[in-house]
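After this come two complexes, each holding chain A, first together with chain B and then together with chain C.
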Partner chain A sequence: MDPPRRAPRTIIDPVPKFRQVGFFAPGAPPERSQSGPPDPTHSSPPIPNTSAASLSPVMIPPPRHLSDNLIIHARPSVASPRRAESINVGGSNCDAPVSPAPSSSYSSRFAVGGDRSFFDGKGNNVGKVVASSFPRGGFDLTAMKVNANVVVPASELTTVSVVNDSLGIPEKEKANKGGGSAGEVKDHPNSKQQKPKPTKAERRALQEAQRAAKAAAKGEGNKASGPTTSVNAKPAKAVKPAQKVDNTAVAASEKKGGDCPPEKDRKKDAPQPRMQYDDQSRVEKAKRRSVVKQTEARNRVELFRHLPQYEHGSQLPDLEAKFFDLYPVHPAVYKVGLQYLSGDISGGNDRCIAMLQAFQEAIKDYKVPPEKSLGRDLTAKISSYVSFLIECRPLSISMGNAIRFIKSQIAKLPLTLSESEAKTSLQSDIERFISEKIILANKVIVKHAVTKIRDGDVLLTYGSSLAVEMILLHAHELGKQFRVVIVDSRPKLRGQHLLRRLVEKGLNCTYTHINAVSYIMHEVTRVFLGAASVLSNGTVYSRVGTASVAMVAHASRVPVIVCCEAYKFHERVQLDSICSNELGDPDVISNVPGREDVKYLDGWANIENLQLLNLIYDAMPSDYVSMIVTDYGMVPPTSVPVIVREYGREQVWI
Partner chain B sequence: MEGEGSAMEKNPKISAYYQTRLAHFGVVSSEWLAQAQSATNPIPSSSTNTYPDNESNFSVIDEFNRWRNHPDLAEAVAAIRALAAVISSSKASTMMQLEIELKNASDSLKAWDTTSISLTAASDLFMRYVTRTSALEFEDFHSAKSRLIERADKFGEISYKARKIIAMLSQDFIFDGCTILVHGFSRVVFEVLKLAAHNKKRFRVFCTEGRPDRSGLRLSNELAKLDVPVKLVIDSAVAYTMDEVNMVLVGADGVVESGGIINMMGTYQIALVANSMNKPVYVAAESYKFARHYPLDQKDLAPALRPVDFGVPIPSKVEVECSARDYTPPQYLTLLFTDLGVLTPSVVSDELIQLYL
Partner chain C sequence: MDFQVVVLAGGVSKKLLPLVSKELPKALLPVANRPVLSYVVELLELSNLKDLIVVVEGEDAALNVGAWISGAYADRLHVEVAAVPEDVGTAGAIRAIARHLYAKDILVVSGDLVSDVPIGAVAATHRRHDAVVTALLCNAPISGPLESVSSGGKDKTKKPGRYDLIGLDPTKQFLLHIATGAEVEKDLRIQKSILRAVGQIEIRADLMDAHLYAFKRSVLLEVLEQKGAFNSLKHDVLPYLVRSQLKSEVLLNGIPQAEENGSEKVISQSNQQMLSQILANASEPTFHLRHTLNTNGSDSVRRTHKCCVYIAGSSKYCARLNSIQAYNDINRDVIGEASHLSGYSFSAHNNIIHPTAELGAKTTVGPHCMLGEGSQMGDKCSVKRSVIGRHCRIGANVKVVNSVVMNHVTIGDCCSIQGSVICSNVQLQERAILKDCQVGAGFVVTAGSECKGEVLAKKWN
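Presenting the complex of A and B:
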């Protein structure tokens, strides 16, 4: 399977990679992983994946995020082929009666799915068949010469054919549909490719040229929806489970939504990988599509290149100006996005509540467009909002779960409901989610956790967690005698807010920096920590620094109690803090507030061998955790998957 | 001891649970056990009718005490029987009223001895059964009531059968030529060893002395009668003999939510030694002992004290640690033998979640 970093892609380059969709012009030399006989009748370049019906297991569509340069080759005789293709596609394969639109079975399979969605009356699908067939993980398939489809709505017949020398990722077609949904990329069969197989360099040049042309031609490119999803969704269908590592519902749920509703009810369930940001082309594509124009940071740490990092502070003025534009994004959502960007709202619960309330507003103002079904259109809209929010700041796991909840509620709306009834029902569902899963849950957590505080205890906490704060205040109200040690760390120094609030209420507090945690741990009797999420293997995902505090506590045999609401649990498993994380603004590391004389790191970005890394989260292994307090009671870390299993089902969300 | 025992029972700090166990093992012998057991079978409805007008409070505790003293009866079962007696003597006419009465009775039982975990767990289980059984909804009150009583009586059987099931499941773990280290006198463990002896397995047992209860002496007595080779070791000699031991087998007073166990003082020590020498530690416990406690350390338990008699007078300014039990965290336990099957410690929470949530 492709290694997560995808660095090897370059290594694979020497072997010419084509990804052929359908039947291509003959004459191309057979590719390495040709699983079937290349169809001689087609002028297509060799098809690594055998076009013929055998969907070889090798042909696994690549992850969406790798999709890049699928440029669909529009054939001159596009019009007819469109139907023909689809039929052909449906028929899967090979034979190319429609020589113009050969599709490998694989891609046809992909296209089948795609086609369905594309034939929705919009004219723009002409000749655009997604060349799916990109193996998702395993890219032994060389890149096919794919005719990626340029999304530009309607009449875009002049798609260029580009050799996809990356491990072909189907390109998602954007703006296939108007409004916010990400279209699927349709691959045009490559049959037009007459030329003999070009060399790699030539292909690359061609690709660049085409991409430029596409960029120019692509007018308003659908920014609304998230870049990746759609395509991936499709391949998901035909794909074997050689799926990638990161199936987080977080990114998944939002991303997928935008796609053409018809297809992906299935995709709703399949968590989709998040976009990997070390793929240059995808990043570019995403950028073109995005609302928030973020400039990428320079000088990024290699190990974390798969995570997005932008220069902070550059987008706000721009976005503020755009606030009153008539925009596909609802103003309430826009506002919340700006608040995330600027850091006004931070903290899992706050962000989640703000987002849900913005969605409530958006739903209130939503009107179903004519001839569309509320369920699907609303889901698409929500997904577009979510993509916008992701651009402002990557979602937290709690937000991902909340979004999943909303989408499942939308999906469960009975069709007989009128529009206004449906809207009010959704709004009340969201209201209930907030009050039960967040607010009430915190109260239950407090009730359980205060039983673990005894007189004479010295409690340590890190950073500022809402649940922990409530526990401490409640215990104090109950009259228990204890003192609190607050451990804090740069750059956010959130412990100071907690300190202020506790001292106001009269608790005895000690404040120290994380450097001193091992020094102070010997006098501590209990450690209370908050969490952004708890994963299925018991790993606690929380603010950076929490894991260190827990480790020191474990070494000193101090019990560590993690307080986390159950809606933040996730079925994902994460073994380290690297594969999925969030990068913050590196400049705050180099600046020390209040100490203007500390300027040693000014201009760090220009120093080549210096990179600054500001991680936001870290993952704490379950060995360090003694107990997790949730609204379902006190459970050991091994019981998290039990709760996810028992209560992650439909009925829980009711 | 008995006279003192009753006086001490009034003292809330002395754990009645452990007093009872002491009383049981003071005179226990197999024949007596068998007789006592047969005596427990008939339903003692006659006795409850003699207190028709007493407050349910009183009758519960008395009833409970009566049952508790049967040596073969687990305390949990005694509690259930007492609650069943409450039902049969209750004058309530609706389910809600009955439930309230039961709740009061259960609370008073729990309050009477806060240190007994299986008591709490069993009463909770029974209350849960009462409030949850939907079958009770659509029957008339009397049949519902009799169904409850029937269930309560069955609980005693269930408990007894649980021991049999556990004994059966553990047989695979006792192989010929093995040496088992046992601590404390658990009736479940005794059942396991009895069955193994009955199946003609060749094994030997190291019994810890189990001060201050001297439960080890009793157990070795019983095992000797079964012709099982027994060796008594004093508590301090556990690490010394651990090399020759193949496995450690203990019972439990309660199994807590983390998967750890609460058992007689000394269990934690033995588990630590066994763990450091890579010997498996097996716990034999019935499933009704699963309790919703979650102790984080030794001091997190409700204190259960029992007086220690050193045989010589101790000066008054010398403190004596007289806690009767300790908590063994789950990482030192290998497997739990329960009537639900052979489980790992992390399954306890799973079961509890399914049961209570």
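Presenting the complex of A and C:
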């Protein structure tokens, strides 16, 4: 039953993909011997423009926008029989929930939910609309309706001061004047679309052309085109998608810009490079738009200058202070953003679920503005939420996939559906995504992976992964005798939470830090790892440290089993963990948990020759991976592109 | 953002008695020649909260407050004033307007708050933790005049025990205990269950409850309905919620729960459980969560709710006008340290003298002073750290130090006023010497009288 141990495949990349990421002095030459491809962002820091413009060997072109393709060839669900097949491999009783008859369940839910939400929405709407537009009369009216029997000696409200212009738009303007400087950024979703469409499309086309032409010196290209005074929101909009880590936003703005196929084609031919944060002019522009105040962190590590890194201390209070200024952002989305920013929610699945639920909430409260179509306006709305969330924390790949799913669902909505029907259908789609792609996927993974646990095994895991935890618990429930080694690392120490939960359930555990992994590896028989994403070259993108654990396991000839839901797969190819990564708060690693008094690194930002690096992810080459357990079965890493290709498009989602 | 704001403006506060009256309720008491309520209203306006419900005790007071608001904020804000009977307490006031509340969360602000803490931050904290109540805590203000020469002894008697005793968890996010200083005599009772769940409680006496709360509406109204005896938000409702946070009796988000169950009927219950479990494991578990999960074995799930705090940074100003001492302090601070609150622009000498004010020869107005519109001062006067209202007529050789003089006050020659509050229309005849006095509206201080630490007011008819 041992998974086959393969010899390292030299075809993919003979060079070990591990770089020493250390503290570089600003002027120090990079260690060329370690790194495979030359890194222009590093070797030529004084010329930032070139690095952003042409695709360098290191830079990976971002994926194309699937949601665009979806509209063109939306295939009916061919996949369902195949999926059922592949599931049958793992277990028998799990295939029923995975592939529910979509049509029947859909329609029943639809009817029930539709009625209620329609009713609810209506009730609320009436109250709110009346109250806001006729403050004097409306308030009392609704109040009278609500309370038939109140015991308290109720008192009447007397309106003593009324905002005269009770319409929404003038109020907005006033809010801007009155010092809500932040509101300005996002205030224009309405006004934007009222402008004549053709001119906008033309302008965009012009911009695109210029951008393509001036591929070499692009930093300046955007400034020149477009009248800046009248449409200060628009050029920003046009630039925005390109700069984001995940380019899901592209699809949205593109759809909004109108359907002009040539432009789309061109985009596909030359995908936009990711935002490089060492490009001064672009960073400046991005900052002007942003809702979250982003102060560039000082003393950034040279090699990672192209990644966004901000001073974390000031962001949260600043965003909190702007709570009431940001009304275009739905409260639920705002809450999730705050939770991302404060670190209350971390971890791939949790972030994704929280985001989806917030979107669900937002869709529930969404009302199509007059003279607009739901498809376009809602997509734009979602895009604005997404960019808000990105400002709070860069998206994970799984979230990017989920957003892509939502947008494709919006695009697929038949035009004949009424507003409330469309909303219910979207909500149930999101619901189904959560349950099928995340929860059921994990259950299926557990079914598969449990077969790989035998009595007497010593299983090693790193950090805290939901799938791995479920596997271990399930194996324990089945009565298998095994021992768990939990390897953990600073600064998050998520392994401690896992440890606590496992020990509570009566599992036999060993807890150690990653420093000791080479020692403990000798007694380990299997390594189970979670993943943030699996890329199509088999690279496993996961929490920092995972790759070293896998490397040690590989060297000790211990099989490494990666557990990852298929919705986290991505078609991107990545060879190292440098070109695309996330930087965490460097202060976190300078603090010693539980020892507030130890402050040797206080004020490190002022020491010029000191830089701290808190990487969040790393990339594990596929050579170290013996097997990937996913909801489509247990596959070798070479099969990831197959899954991405066959299931990764629209088939996966229905 | 689905918040409603209720400003509890109070009525005629007994604590401030010589200063306030039916004509001049507490909310309109001038602080640096502006009603104290305006500080709250403008703080809210700054946070883009323009829909307010102002609750005033007593019909007359409500009329006065309403008249002032409609004059000052017409076209800018949408304010509704509700009058409630006197002595219903803060909880009663909310009960009375309960039917006008519809938003998900309610922000309850005391009308006597003078602060520059961003209110959005409190609301954001509330939302982030999905809390039942979030309270704003701030550093307890320094009491007494800056130069402690005059009233050193007095400070000692007043200062200790005045403020709240607040228990926080180690992350300083959750409220575990709250007791008003006055209630605590000798011992402090802390619930064992909370201590056990959290492991560590930090008790602080240097924080003050600023009487700005964000409540979850459903919970607030439910508590108010069930506990009819509750009279005050601060003394009854908040401690109750804090006490019961680990054995919650309130129906937490009852309505949304029902809705969710409805729409998710299709999905099996186990999925639902798993989803909640995933979210529960999402991050650093709070003690609430741990407490809930600890009882997995037993049949009943313990329900908890969260009581959060937002602690204002030490650079923020925050004070409540709830005593005469506080009135002096706030007046001093608003034209002194926290001058950005006053909304006036200070002159080069760090004081505000209205252009229509007239100063006699050799009269000096020191820094941190304010002289209102149309006031006249005679020769050789000296004003230090004081606020003088509108249309006052001050004779020659008068000294005003650390004092507040309201509008239309007539002060004769050679008077000396120190650490006092002189209300409107007071007449001080020549050579009156006041020290640490409060003079009620319309009172006449006879010539040559010398008072120290007295309350001078007309007899109530």
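Going forward, the second predicted complex is superposed on the first by the 375 of 654 C-alpha atoms of A that agree within 3 Å, B and C clash if a C-alpha of one lies under 4 Å from a C-alpha of the other, contacts with A are read in each partner's own complex, and residues count from 1 in each chain.
The criterion applied here is as follows: a residue touches a chain if its C-beta (ideal position, glycine included) is under 8 Å from a C-beta of that chain, and two chains touch if they have at least 3 such contacts.
Everything numeric in this text was worked out from a predicted model, so none of it was measured.
By the touch criterion stated above, A:Asp344 is placed in contact with chain C alone, chain B being left untouched.
Of the two partners, chain B and chain C, it is C that touches more residues of chain A. Once chain A of one complex is fitted onto chain A of the other, the partner contacts of A:Glu419 are absent, as it touches neither chain B nor chain C.
Once the two complexes are laid over each other on the shared chain, residue contacts for A:Met634 go to chain B alone; chain C is not touched.
Touch criterion not met for A:Glu208: it reaches neither chain B nor chain C.
By the touch criterion stated above, A:Glu477 is placed in contact with neither chain B nor chain C.
By the touch criterion stated above, A:His497 is placed in contact with chain C alone, chain B being left untouched. Taken in their complex, chain B has these residues touching chain A: 257-259, 292, 294, 296-297, 300, 330, 346, 349-350, 353-354, 356-357.
Per the touch definition, chain A reaches chain B in the complex via residues 452, 526, 559, 561, 626-627, 632-636, 638-639, 642-643, 646. Contacts from chain C toward chain A in the complex involve residues 1-3, 45-50, 53-55, 62, 66-67, 69-70, 73-85, 92, 95-100, 102, 104, 118-121, 123-125, 127-130, 259, 262-268, 271, 274-275, 278-279, 281-285, 313.
Residues 97, 105, 108-109, 112-113, 116-117, 120, 127, 135, 139, 142-143, 146-147, 150, 152-164, 171, 175, 178-180, 183, 317, 319-327, 331, 334-335, 338-339, 342-347, 349-350, 353-354, 427-428, 431, 434-435, 438-440, 442, 464, 466, 469, 497, 501 of chain A are the ones touching chain C in the complex.
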